[in-house]
Amino acid sequence: MPAEHVVDQARSDLQQVARTPGVAKPDALLVADGVRRSFGGVNAVDVEHLEVQRHVITALIGPNGAGKTTFFNLMTGFDRPDTGTWLFDGTPLSGVAASRVATAGMVRTFQLTKALARMTVLENMRLGARDQPGENLFTALVKPVWAPRERAITDKAMSLLERFKLDTKKDDFAGSLSGGQRKLLEMARALMSDPALVMLDEPMAGVNPALTQSLLGHITDLRDSGTTVLFVEHDMHMVRHISDWVVVMAQGQVVAEGPPAAVMADQAVIDAYLGAHHDTDLGDDALLEEGGVIDAEAEAEADAEEKKP
Amino acid sequence: MTETTAPVVHRGAPAGEPLLHADDLVAGYLPGVNILEGCSLVLHPGELVGIIGPNGAGKSTLLKALFGLVGIRSGRLTLQGDDITNLRADALVRRGVGFVPQSNNVFPSLTIEENLQMGVFQTPQKFHERLEVVLHLFPELVKRRKQRAGALSGGERQMVAMARALMPEPSVLLLDEPSAGLSPVRQDEAFLRTRRINKAGVSVVIVEQNARRALQICDRAYVLDQGRNAYSGRGRELMHDPKVIELYLGTLATDVDAARDAEAPPAPRAEPRSGDTAR
Amino acid sequence: MPPPRTEVPVRALACLDRTVAVRRGGAVLLLLLVLALTTSVVAAPARAAAAPCTPDATTACLNVTVTSPGVGPAAGVTVTVEGGGATAEATTGADGRASVPVTEAGDYTVTVDESTLPAGTVLRDPAANAATVPVVLGRSAGRIFQVVPPGAEGGDSGPAPAATDGGTSQSPGGGGAGTAPADETGEGTEASAGPGTNRYAQLVLAGLVFGILLALASLGANLIYGTTGLSNFAHGELVTLGGMTAFMAVQWWDLPLWLAIVVATTAGALVGWLLNRLIFAPLRRRGVGITQQMIVTIGLALAGLSLFLFVYGAQPAPIVSGISARIQIGPVQISGQSLLSVGVAVVVLAAVALTLSRTRLGRATRAVSDNPALAAATGIKVEAIIGGVWVVSAALASLGGVLLALYLNSTRFNFGSTLLLLMFAAITLGGLGSPLGAVVGAVVIGLVVELSTIVLPSDMRYASALVILILVLLIRPQGILGRAERIG
Amino acid sequence: GGTDEAGGGETTDSGSGSGEPLHIGTLLPVTGSLAQLGPPEIAGVDLAIAEINEAGGLFGADVEVTHTDSSDANNAPVSTASAQELISAGASVVIGAASSSVTLNVVDDITGAGVVQISPANTATNLSGYSDFYFRTAPPDSVQGDVLGNLIISDGASNVGILVFNDSYGTSLRDVVAGVVTDAGGTVVYGAEGQEFDPAEQNFSTIVGDAIASSPDAIAILAFTDQTPLVVRELVAQGWDMSKTYFVDGNLQNFGTEGETGFPAGTLEGAQGTLPGAFPSEEFQARMLEVDPELSEYSYGPESYDATILAALAALKGGASDGETIQANLAAVSGADGGEECTGFQECADLIEAGEDVAYQAVSGVGPFNEANDPSSAFIGIYKFGGDNTYTFSRSEEGEVPAS
Amino acid sequence: MDFGQLLTNVLTEMTGPTAIAYALAAIGLNIHFGLTGLINMGQAGFMLLGAYGFAISTIAGAPLWLAFLVAIGAAIVFALLLGLPTLKLRGDYLAIVTIAAAEIVRMVGRSTALTDLTGGAEGLTGNSFKSTFQDASPFPDDRWALGPITLSTNASNSWWLRIVGWLVVALACLLVWRLVHSPWGRVLRGIREDEDAVRALGKNVYSYKLQALVLGGVFGALGGVVFVLASSVQADSLGRPVTFNTWTILLLGGAATVFGPVLGSLLFWGSLVFVRGFLRGAVGDVLSVQQVEQIGWVLVGVTLILLIVFRPQGILGDKKELAINAR
């Protein structure tokens, strides 16, 4: 439905946006306000304000334990914040049950995959679909009511599985998939429901680079067909390659925002997260010496963590 | 360079008696379905060997088979010349083999410290001494020693898993995607740490999807596909082998590097600092 | 034991009376017997004769008793028996009884001469004076006249004057059969099971004792659950096994009790080892699911129960024949045997708890429970740990069985299986897989079971414990000491 | 009811040879929570069968018996399966079940198949007159309860505590006892409705404590032998004077001073109990022991024996061993229409063969069947425990069942 | 030993109301556990409530159809009462809550307080509530023999009850088959595997679990009605052992299969009668009745263990599913 230009519009809109944390976006799909969640006194998430632009791919990055997954959990109703409200497409979703969040169009994947082990891959996929009348107890009894939709779902599932290189596995139990295959299934399943916003939690961790590369095209296609994407990822190549906007979290807070190139050039981000040497060859023996540069970076990061209360 | 792509097993392996030798392993989970269909691997003392390959190739299965967690149906596995085919995992641990699984690699209801304690279950007297050393490697764990591992973030778990494997001072270390889920800095650290450990005399087998990094640090690598050895060779050779790149490595990293190089100047380097206490 | 007849609060007297009864036991009984023999009455119109009345084919006995509830019988009261065309008069003896033999069936009218009642007392139900008693030949018929201090009379209502703090005790008169007696509230909060015993304190003690013993018995089930995720429905049979082995040791082989306890615990350990070795280890090895294993335990329970029945029969089997009398400690009473049981239980519980929380081994069991594959990968001998847990679990169950049987006075072939639900409730209430939770849960269950009798019918006390269980789980879905899990 | 017809005259020619062999089935608890009741009952049946067969059997053939398990109400399918087995095996009389609940589960099946069911132990009131084919030889609650209540009252107890389990046996007996006690001016201070304990109860410390705390002058224990020893031990432990304790047929037992059932000598001295049956003499108990040397108690053994003998006599009198014939003659041989009193199978059979009407004198002391197929009266023996914790007969009282 | 007689007994039992009732209860449990993964340890509670609902309403004068509706209604209400607060609990906790709830139902049912309604410990006699069902029979009152089995046509454990019972079982199987192979069943299976994942896909897990609990409970209640139509309503006869037996039957036949529960029930009750009857015939001369019955149960227990040991997935179950370790 959304023509190409809508996406282009959204991307170019972003160019105008200031690169300060918590900045307002021209056309925000998700707006979070004052969302806080602490575990035993430690603030895992403490987001003053965050907006996610519609029709673009936003990357959420940050050091381990920054609160990215927890933020996802909060947004999607899997955890309750201590305080905070958020709007999705103008509707407040705070306190709404996880399943309702998903039906509202905000679908997430799990970092630690949740494959439905004793169901086949294809069934896993079908379960992701929406609007299947057969999922109602009473209509389920009358096959003609849901059979056409089921066929459509199956077709869609098969084409996704092909893309994700899982088609040969379609009749295997999901529990027998390898770690990376589970990641792929997790993501493919989320895409079954044509969400308005898909939130991917480290979708490519453990996925073979060649396959990752081919899937990036799929993600940009998704965006181009109108889906907004918010993903957490530690693979900077991927972030750089497909994201239109990058949000950096550290210790629960949004510390930086901006287009990928700019954010990755940000010294604070480099210090706290990227490290200056992620493109150096680690095979270099010089790096192994005591007190080498990498050690220094680790120190710096640890220091940065210390400084924050 | 072209000859490295030929499916010759153990290309580039040093001569001599291997430490760990897997010969033509056949293994699988379900009866009648073989996942490994004749997989071979040698690990010489002090080597760092990488395994890469597409998802579902059987890399994790191979590691599990080496570690006695998956039944070997045929083939032979030796450690220092002794047959260890289908030897139970705890016996292997006693013989100095350590293993970090790909997923579910911490004990969620135990605290971090207890997780580490489990690492030296067989040699409890070493606990305090090793705890010092390992916590020094993972300073971010120190503050959270008493926290349950089940509450940790994905990356934090990964660190705990790695730390636990290092607790007993293994002489052979089997790592299954140790860098997955770690932030870039931590990934670099993890690889470097692996190399350091290796340089300190530990033989390492590392399975990685962060293939470029893995190939950068390892002495030799195997490419696995569909339960069989597809390629093998020295890490760097494989990294630049066009077929390997096409099939397994992808060009994302290089593409972007090129694009970035064209776009912006490289980020300034941080000043190296002294006073380092890391091992 | 002259029954005092004064205006002193009935409650105090009741206590006094009980003290005497407790202390003298058999002596009092003998005395009463003698009195009964010497004060019986013969046929009308004559007064007391020596021969007791025994009904036979041609005679019926009309036994009239005048008594002050809680105080004692009223002697020297004149009663008139009228009917069958004759009138007889008799005077109650020291036991408050007057026995009138009659030789004709029919309705008799019995009247008490109120002027002969002991000083300061009146009939509780004056309207029922001149009571009609149907008499059948060959049978005894009885009639009771209850006397109370003035002001307390009048049907079946109202607490006795002594019961200033009344209304808190159990009310047996709730149903149709019994009319609420004037004196029962006289117990107040003081008398339960004996003089100087505070009812609530006694109930709390009973709850604690039962809870602790239950904790010991159920801890093993929790360990098994904690390490393997298995709900062992045969755990009750392991409890029975302990009781039965101790029973055999003491009653059949004449071993001393302490040795019997050791033998029973050892037997439990052995059976635990065997069960794991022969059944559960192979099942685990073949990857049989936990629910299937649960069904195996149901099968085991069935087989075990029937085996016990086969070997020991259905009769209760007391471990020791002797009866350990209760001793008074402060406001409560407890028998020496129970005290010993609780002592042993507390020591063992503490030892197990310490082992589990403080030692490497305890942590290893949790590690195995979390992730057996990973545990194996870290060099933990998973099978050895699980085997060990089975041994300990069954040994604890057996020991718990012995101690519970000592406390509850007997064991029986279905002893453990009747307790099974309570044990499961205890470990769930505390938080599945948390050993300390099992103890807390069991004590809570014990207290609820005993204290609920204050307000509920006693056959509903287990139901009330289960209601509490459900309520607690609704508020804390992970049990009292369990932990919530992280998602994502 | 089959009492009104069943003319003795038509059946005079019976006696030998004409009928099929009699097949008796038992449906008694040998597993489950009431398993302790099974052995004496089975022994009673076996004793009767042995005596009948010694006397030459019935119609020239030995009486056949099939024992099946009724288990308890918790395992209801066991009893229904057993009932089906007995029916399809061709039993014409089923002796059982012990528990009223179990009987209720199978009575429709059994009586619906034209098979006579005689329970030796059912006391539930709602089984009265349940079916023409359902009889019982158990003493009605009304008689035993009446005697027990009067015994307690006559002994001078005005406040009575009742430790009763919530089962139809306990509660209906309790209702009678409580009624008698209150009618006679006494008070039930514990054990009124709502104060029953669970039939699976094992922890009596508080229950007994509460009962004692209500300061009763006497305590009656209305339970079966599985729970009674526990109650007794708790009572003694809490200092209760056991001479003021009363037992009933469900739990009166020669506990003795040794072994598994024993209490320390003197524990029960002076305690009393009621037991239906005029003189269930030691001689009868000895006979039961011959059948089953393992027996340690005899509850409902005599009743089972009577049920078997009555069934055989009814078949003999009717000249056929099918259910209908037995049903039609049971009341008559029990003496409902009068007749010559006789004891034992041999004596009664001789009389029947001689064409006489008989009135079988039940070992358990129950009288002839009434309209509702319940015993119309019962002899209730009153027993007293001695220092050796065994009971001795002190006297017996007979009670009629009030026409309902 | 009379094998013909023994086989007749086995056949009678296998086709009898007990087998039917348990088949229905196990079908219900299959929806709970096999499909949805709900560990319901209180199926007997549903059966008992169904039985009470049917009997009490009949005694109060309700016609047959209404009595059935009341039985179903009772199960629905119980499922809602039980499910609304507890379906958020983790599996093992749900197990103990359901077992506790069923015990509470039983204890309350048999307590003297409710004697007027439930008959207390004595329960409700068969003749007080069976008549409406028996009167609905098209057959004359008689005893008919079919093959070796002779039964009354209408009374109690009758041909009529068996015909109706098996019809209900067949319908239930059909329904379950349809549901299992529908998207609805797929959602339930998803919930069985990981409810969080299903939640993330936008399904209202709670509502589905409730639906499953209610539907399975209704089958339980129907089983209870069949059960008491052949016996009488006794709180104790629908207690914990019934739940255990139902579980055994389910896993014996194969959880998550359509016909597993039915097959399990047939085999369970058939073999029970067979084992005991066989023992009685084989060693009845050597051992006393007591011993035979008790050993019979020991054997039943051991057989059960062996069955699981040698065929853990149940008779109709899928071995492959078992191999996937869900833990």
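Going by the order they are written in, the chains are A, B, C, D and E; count residues from 1 in each one.
Heads up, the rule we're going with is that a contact is a pair of C-beta atoms (placed from the backbone, for glycine too) under 8 Å apart; a residue touches a chain by one contact, two chains touch by 3 or more.
Protein names from UniProt, one per chain: A, B = ABC transporter ATP-binding protein; C, E = Branched-chain amino acid ABC transporter permease.
The shown structure was predicted, so the numbers you read here are calculated from the model rather than taken from an experiment.
Both subunit B and subunit E are touched by A, C. Which two chains touch most often is answered by the contact tally, and the pair is C-D. When you average the Cα atoms of each chain and compare centres, the chain farthest from subunit A turns out to be D. Chain centres defined as mean CA positions place E nearest to the mean of all protein CA atoms.
Summarising the inter-chain layout, the chain whose CA centre lies farthest from the centre of subunit B is D. Per-chain Cα centroids separate subunit A from subunit B by 26 Å. Here the CA centre of subunit B is 78 Å from the CA centre of subunit D. As a whole-number value, the distance joining the C-alpha centres of subunit B and subunit C reads 63 Å.
Residue positions 31, 35, 38-39, 166, 193-194, 196, 198 of subunit D are each in touch with at least two other chains.
Residue positions 69-70, 78, 110-112, 176 of subunit A each touch two or more of the other chains. Each of residues 29-30, 151 in subunit B touches at least two other chains.
On subunit C, the positions that touch subunit D within their shared complex are 14, 17-18, 21-22, 25-26, 28-29, 32-33, 36, 54-56, 61, 63, 65, 67, 69-70, 73, 95-97, 99, 125, 128, 131, 133, 136, 138-146, 169-170, 172-179, 181, 183-184, 186-187, 191-194, 199, 202-203, 206, 210, 247, 251, 306, 309, 313-318, 321-326, 333, 335, 407-410, 412-415, 418-419, 449-450, 453, 457-459, 461-462. On the subunit E side of its complex with subunit C, the touching residues are 33, 39, 85-86, 88-90, 92-93, 95-97, 99-101, 103-104, 107-108, 111-113, 196, 240, 244, 247-248, 251-252, 255, 290-291, 294-305, 308-309, 312-313, 322-323, 325-327. Residues 487-488 of subunit C touch subunit A in their complex. The touching residues of subunit E, when paired with subunit D in their complex, are 5, 8-9, 12-13, 16-18, 22, 107, 110-113, 119-123, 125-127, 130, 143, 148-150, 152, 155-157, 227, 230-232, 234, 236-241, 245, 269, 272-273, 276-277, 288-290, 293-294, 297. By the touch criterion given at the top, residues 175, 178-179, 182-187, 189-190, 192-194, 196-206, 211, 215, 320-321, 324-326 of subunit E touch subunit A in their complex.
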